[in-house]
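Chains: A, B, C, D and E, in written order; residue numbering restarts at 1 for each.
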Amino acid sequence: DTLKKIKDTGSVTMGVRESSGALSYTLGDGKYVGYHVEICQRVLADVQKQLGLAKLDIKYLPVTSQNRVPLVQNGTVDIECGSTTNNLTRQKDVAFAVTTYVEEVRIAVKANSGITSIAQLNGKTVATTTGTTSVQLLRKHERANGVDFKEVLGKDHADSFLLLESGRADAFVMDGQILAGNIAKSKAPADFKIVGEVLSVEPIAIMIRKDDPAFKKSVDDSIKALMKSGEIAKLYDKWFVQPIPPANTKVGLPATAATKDAWANPNDKPVEEYAKK
Amino acid sequence: MPSWDWQLYCTDMVTEEAAPKCFGAPGYETYLDAMVHAWGWTMTVSILGLLVALIVGSLIGILRTVPNKKVALFGETWTEVFRNIPLIVQLFLWYHVVPQIFPVLQGVPSSVLVVLAIGLFTSARIAEQVKAGILTLPKGQRYAGQALGLTLPQTYRHVLLPMAFRIVIPPLTSESMNIVKNSAVAFAVSIPDLAQFALQASEQSSFVQIFLPVTLLYFVSAFLINRIAKLIEAYVRVPGILGAK
Amino acid sequence: MIDIKNVSKWYGPFQVLTDCSTTIKKGEVVVVCGPSGSGKSTLIKTVNALEPIQAGDIVVDGTSLTDPKTNLPKLRSRVGMVFQHFELFPHLSVTENLTLAQVKVLGRNMTDAKARGLKMLERVGLTAHKDKFPGQLSGGQQQRVAIARALSMDPIVMLFDEPTSALDPEMVGEVLDVMVGLANEGMTMMCVTHEMGFARKVSNRVIFMDAGKIIEDCAKDEFFDNADARSPRAKDFLAKILQH
Amino acid sequence: MIDIKNVSKWYGPFQVLTDCSTTIKKGEVVVVCGPSGSGKSTLIKTVNALEPIQAGDIVVDGTSLTDPKTNLPKLRSRVGMVFQHFELFPHLSVTENLTLAQVKVLGRNMTDAKARGLKMLERVGLTAHKDKFPGQLSGGQQQRVAIARALSMDPIVMLFDEPTSALDPEMVGEVLDVMVGLANEGMTMMCVTHEMGFARKVSNRVIFMDAGKIIEDCAKDEFFDNADARSPRAKDFLAKILQH
Amino acid sequence: MHLDFSFLTWDVLSAFVAKGLWFSIQLTLSAMVGGIVLGTVLALMRLSGKWWLEKPAAIYVDTLRSIPLVMVILWFFLLIPYLLGPLGAEKTALITFTLFEATYYSEIMRAGIQSVSKGQVFAGQALGMSYRQTMTLVVLPQAFRNMLPVLLTQTIVLFQDTSLVYAIGAYDLLKGFEVAGKNFNRPVETYLVAAAVYFVICFSLSMLVRRLQKKIAIIR
């Protein structure tokens, strides 16, 4: 029971990412920031108020794609504020708060490559990152549409982007905000562009332990309040449109219709239900 | 812990649908297919890397014992450079940096670069062992060879190396096992090996169910190499010495 | 046959040999003795150019070792050498030990090499062990094989470096017997040894070294029987070594 | 003092000692000789219980070694032992080598242990080297330190296993001198050695072993001077060892 | 290729890299000390001649040594919370590395103990020392001294291996460089600098090993 644990110990462990674009990343020196990190901080402030704690000690624990689910499961992390897709497989092991961001999986290419859609990727080399749902997505797409491309998997997003930048790959298929973030930070942002159809729509949410309805309710209520007040749109603007530290670059990715829809109708539907429509 | 789901291994990795056959069903790639395929990559990278490491490492190790200062210095430098930078960093340099400096390498597939990186990294360690093996031989052996009129290369070929290699089989065995384990970094440059499979598949399904068989496969592979080395060791054992212990 | 002329040698700053000179004629048996560390082994190794020298010259059968044009491996193949620790090749059988250099260095064919090797093995009384490995032989047997190996190359001179000092006392005899036989047949020999019995029995001359210098170089009888004429260091050494 | 009764010992299926019996009285000096591998070292090690025995019994100063109640470390501390390869502790200085067991085993305080150790060091003539490390000493000096180390424990008997066979010929004398001194002072000694000069000079009895059996066990004079009464194996051995 | 190192200012280095370097050093030192202690115990178990001590130690060592370190780290990261409660990546790394490196150190110590001649054991026993005394006063000091260069060489490997804690998100030296590289999108440059830093540290250590080796060769 997470609420009790927080109350008893006066501390909470927040799972964060080292570099998940503007959602969650580090400034070094143990400082973690980003859209989801800030939402979580607001949520935890509410939790503190609800529990009547004078002081709540937030511990930040950087997690990776590989260990985030086990860590939430085994109690190391109380609330994971990274860039986790809400899907059915994961729902077997963990629970998700209401969706705060809807990701669209897109294709980044070199601006001068002339590629504008996935169909043109036939025979090309496509990069994506190991241990992400994009890999599966890409393979699904390949099989369904009979396109044939060579896939290369980077160790992490930065590596994958480097594959594109150095010409080892012709395209980088990944979550739109990650593509936008990497392009924004690159040496020559104008050399890249995001093109083509949306390959998939994925609800990204804050992850918490399964079978803890009380905690889920607190978190959900807190987030819903942000949505209702319109506060969440301001947070989004701060991280995805305005310049952000450390290099003061802009991601430049205004909220999509799908994201706005998720704010208007708070829900914790998994990715499978988005795919249906 | 979640319960064990045997069906998982017969499930298609892409569509998450059950395949008609667990292994080798056309049009499907089950978890089992992918794992076996990945294992193949791990072994390929390891064995080719081992070949590079053994050949280059032996050569460098020999150079380091030659009574010629310049040649020996070259061997020393080689060893120091390749063993003092973490493999994962070297791998990255081979993949992303070296081709920028030598554009000819740009077209080289990443699997070749990985084999080179792992092979050369391990060559430094093997050179170290081979050198130690040659130096543990009594100095008199070198003298005896030369006193019979053998040239230096002949002395190495017929006198020093046959014994030195026998002596260093045990440390070379553990280096060979290390190479299988070290190959787990190859995924970082997009080799679809066991490590990459483990990371991708465990993301799509359960951690324990993927990592347990993968760990076992690594274990078995290392063990296999160990057994082969033991066979070689027994085969080349000289009556009357070594092995007596 | 062997002409050692003012040889000096250094290991770094440490001088191991200081201005050593002597001559060994064909058929002569010369024993070299002296305290440990006096440079005996080093001297005998320089005769074979196994250790380079920094000053002086050594001429073996008319060929200068310091001449850069000299083919050292070829020269060495004509000088037989026997070591304290035998230095048989442990991974080769006795026969292979005997034939390796004959084939690779002298270019003999395998049949001839084997015939020659086995003849020498017979000479040292070990024909029965021809297929064993060195590790399966006793020390005395190994040393006799080492002598046979050197002899198989038809050397013009044999060098011995303490051939019996690593042996069990019972085995010393069998090796010395072979050496005495060689000496009696007229082989030219230079032999570092502390076996004064051997020196007395077969040597023509005794060289005594101390601290890298040749201190005594005289006929055997003179060395042993005219003790009063010897240097104090040599007297002292002889006293110690003959005491028990 | 030492009673060896029908001792047999096996290494796996291989019998190293077969039914060995002998008695060593206080003040006696017994020399053990025999060919390599005959079990001399093994026998002397069993006296100290360094090697267990499978049959028979050994009684040292009234204490049976096979009695499970016997405190072996305590017994061993009263039996001095000197090894072929000295076995000084290379990581300790000479003084530390001498005092370690006195302090840790006998429980002496450091001052007493040092006094005792230095006295023994003086006895072997090495006081000047007390602060050196074993690696800085010559073989003969190391062996003398090893004897001093054993003596510091005030042993009732001293065991020697080929104490001079790993030494350069010149150094043999200095170690034998110390041993002769000990024997003359009445120390009980059991000594594996091939130094027949030593055996002749100081021993009371000679034991000859072959293939794990005690073949001869007789007074010194009988052994050396009545060669005809000896077994063929012993005669053969003596001939070999005295030949050169 | 155009390389631009200008972003790597002292501020960036101290913000991103210093913490990682400190953790790598901490991890290396504590895993070395803990690993040598535990490794020595394991080595003694394997040489004890008692099967009920030998077998478990042998299985422990052989098993861990046959699995890639990354896998071991991931497993421990997953399993430790069940045994000890949540600990965080850094502490998990400390425990994992100590337990894992102990297997390597144990093999070194085993060879070291065997490098001490049987005669030394006999000499200790002949002076009346117990098994414990012979081990602690005679054998282990020599084993340790003889193996010092090898132990240090293993420590260099250990230091390089700390780069693998990326798998559980602990913040080590390499991670420091990587994160800096990612946030400024200069991965090539940071990897080059990282390689240089690792080389300088490890090379200095291996020079130290060489000098030690020479020194020990003299004592012996």
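Assume a contact is a pair of C-beta atoms (placed from the backbone, for glycine too) under 8 Å apart; a residue touches a chain by one contact, two chains touch by 3 or more.
Because the structure is a prediction, the values reported are computed rather than measured.
Undergrad: Can you list every chain in contact with both chain A and chain B?
TA: Shared contacts of chain A and chain B: E.
Undergrad: In the chain contact graph, what is the shortest path length, in steps, from chain A to chain D?
TA: The least step count works out to 2.
Undergrad: So chain C and chain D are the same sequence; what rotation in degrees superposes their CA atoms, nearest 5?
TA: 180
Undergrad: Could you say which chain's mean Cα position falls nearest to the mean Cα position of the entire protein shown?
TA: E
Undergrad: Among all chains, whose Cα centre is located farthest from the one for chain C?
TA: Of all chains, A has its centre farthest from that of chain C.
Undergrad: State, to the nearest whole Å, the distance from the C-alpha centre of chain C to the C-alpha centre of chain E.
TA: Their C-alpha centroids are separated by 50 Å.
Undergrad: Would you mind pulling out the distance in Å between where the CA atoms of chain D average out and where those of chain E do?
TA: That gives a centre separation of 45 Å.
Undergrad: What is the distance, in whole Å, between the centres of chain B and chain D, each centre taken as the mean of its C-alpha atoms?
TA: 52
Undergrad: Please set out, as single numbers or ranges, the residues of chain E touching at least two other chains.
TA: 74, 78, 187-188
Undergrad: Spell out, as numbers or ranges, the residues of chain A touching 2 or more other chains.
TA: 66, 70, 159, 162, in rising order.
Undergrad: Provide the list of chain C residues touching at least two other chains, using ranges where the numbers run on.
TA: Residues: none.
Undergrad: Would you please name all pairs of chains that touch?
TA: Every pair of chains meeting the touch criterion: A-B, A-E, B-C, B-E, C-D, D-E.
Undergrad: So in the complex, which bits of chain B are touching chain A?
TA: Answer in residue numbers: 2, 13-15, 96, 99-100, 106, 110, 187-190, 192, 196, 199-200, 202-207.
Undergrad: Can you list the residues on chain E that touch chain B in the complex?
TA: Residue list for chain E touching chain B: 1, 63, 65-71, 74-75, 78, 156, 160-161, 163-164, 174, 187-188, 191-192, 194-195, 198-199, 202-203, 206.
Undergrad: In the complex of these two chains, what residues of chain B are touching chain C?
TA: That would be residues 138, 140-141, 143-151, 154, 158-159, 162-163, 166, 238-241, 244 of chain B.
Undergrad: Touching chain B in the complex: which residues of chain A?
TA: 65-66, 69-70, 89, 92-93, 127, 130-133, 135-136, 139-140, 143, 152-155, 159, 162-163, 166-168
Undergrad: In the complex, go through chain C and note every residue touching chain D.
TA: That would be residues 35-36, 138, 165, 168-173, 176, 194-195, 197-198, 237, 240-241, 243-244 of chain C.
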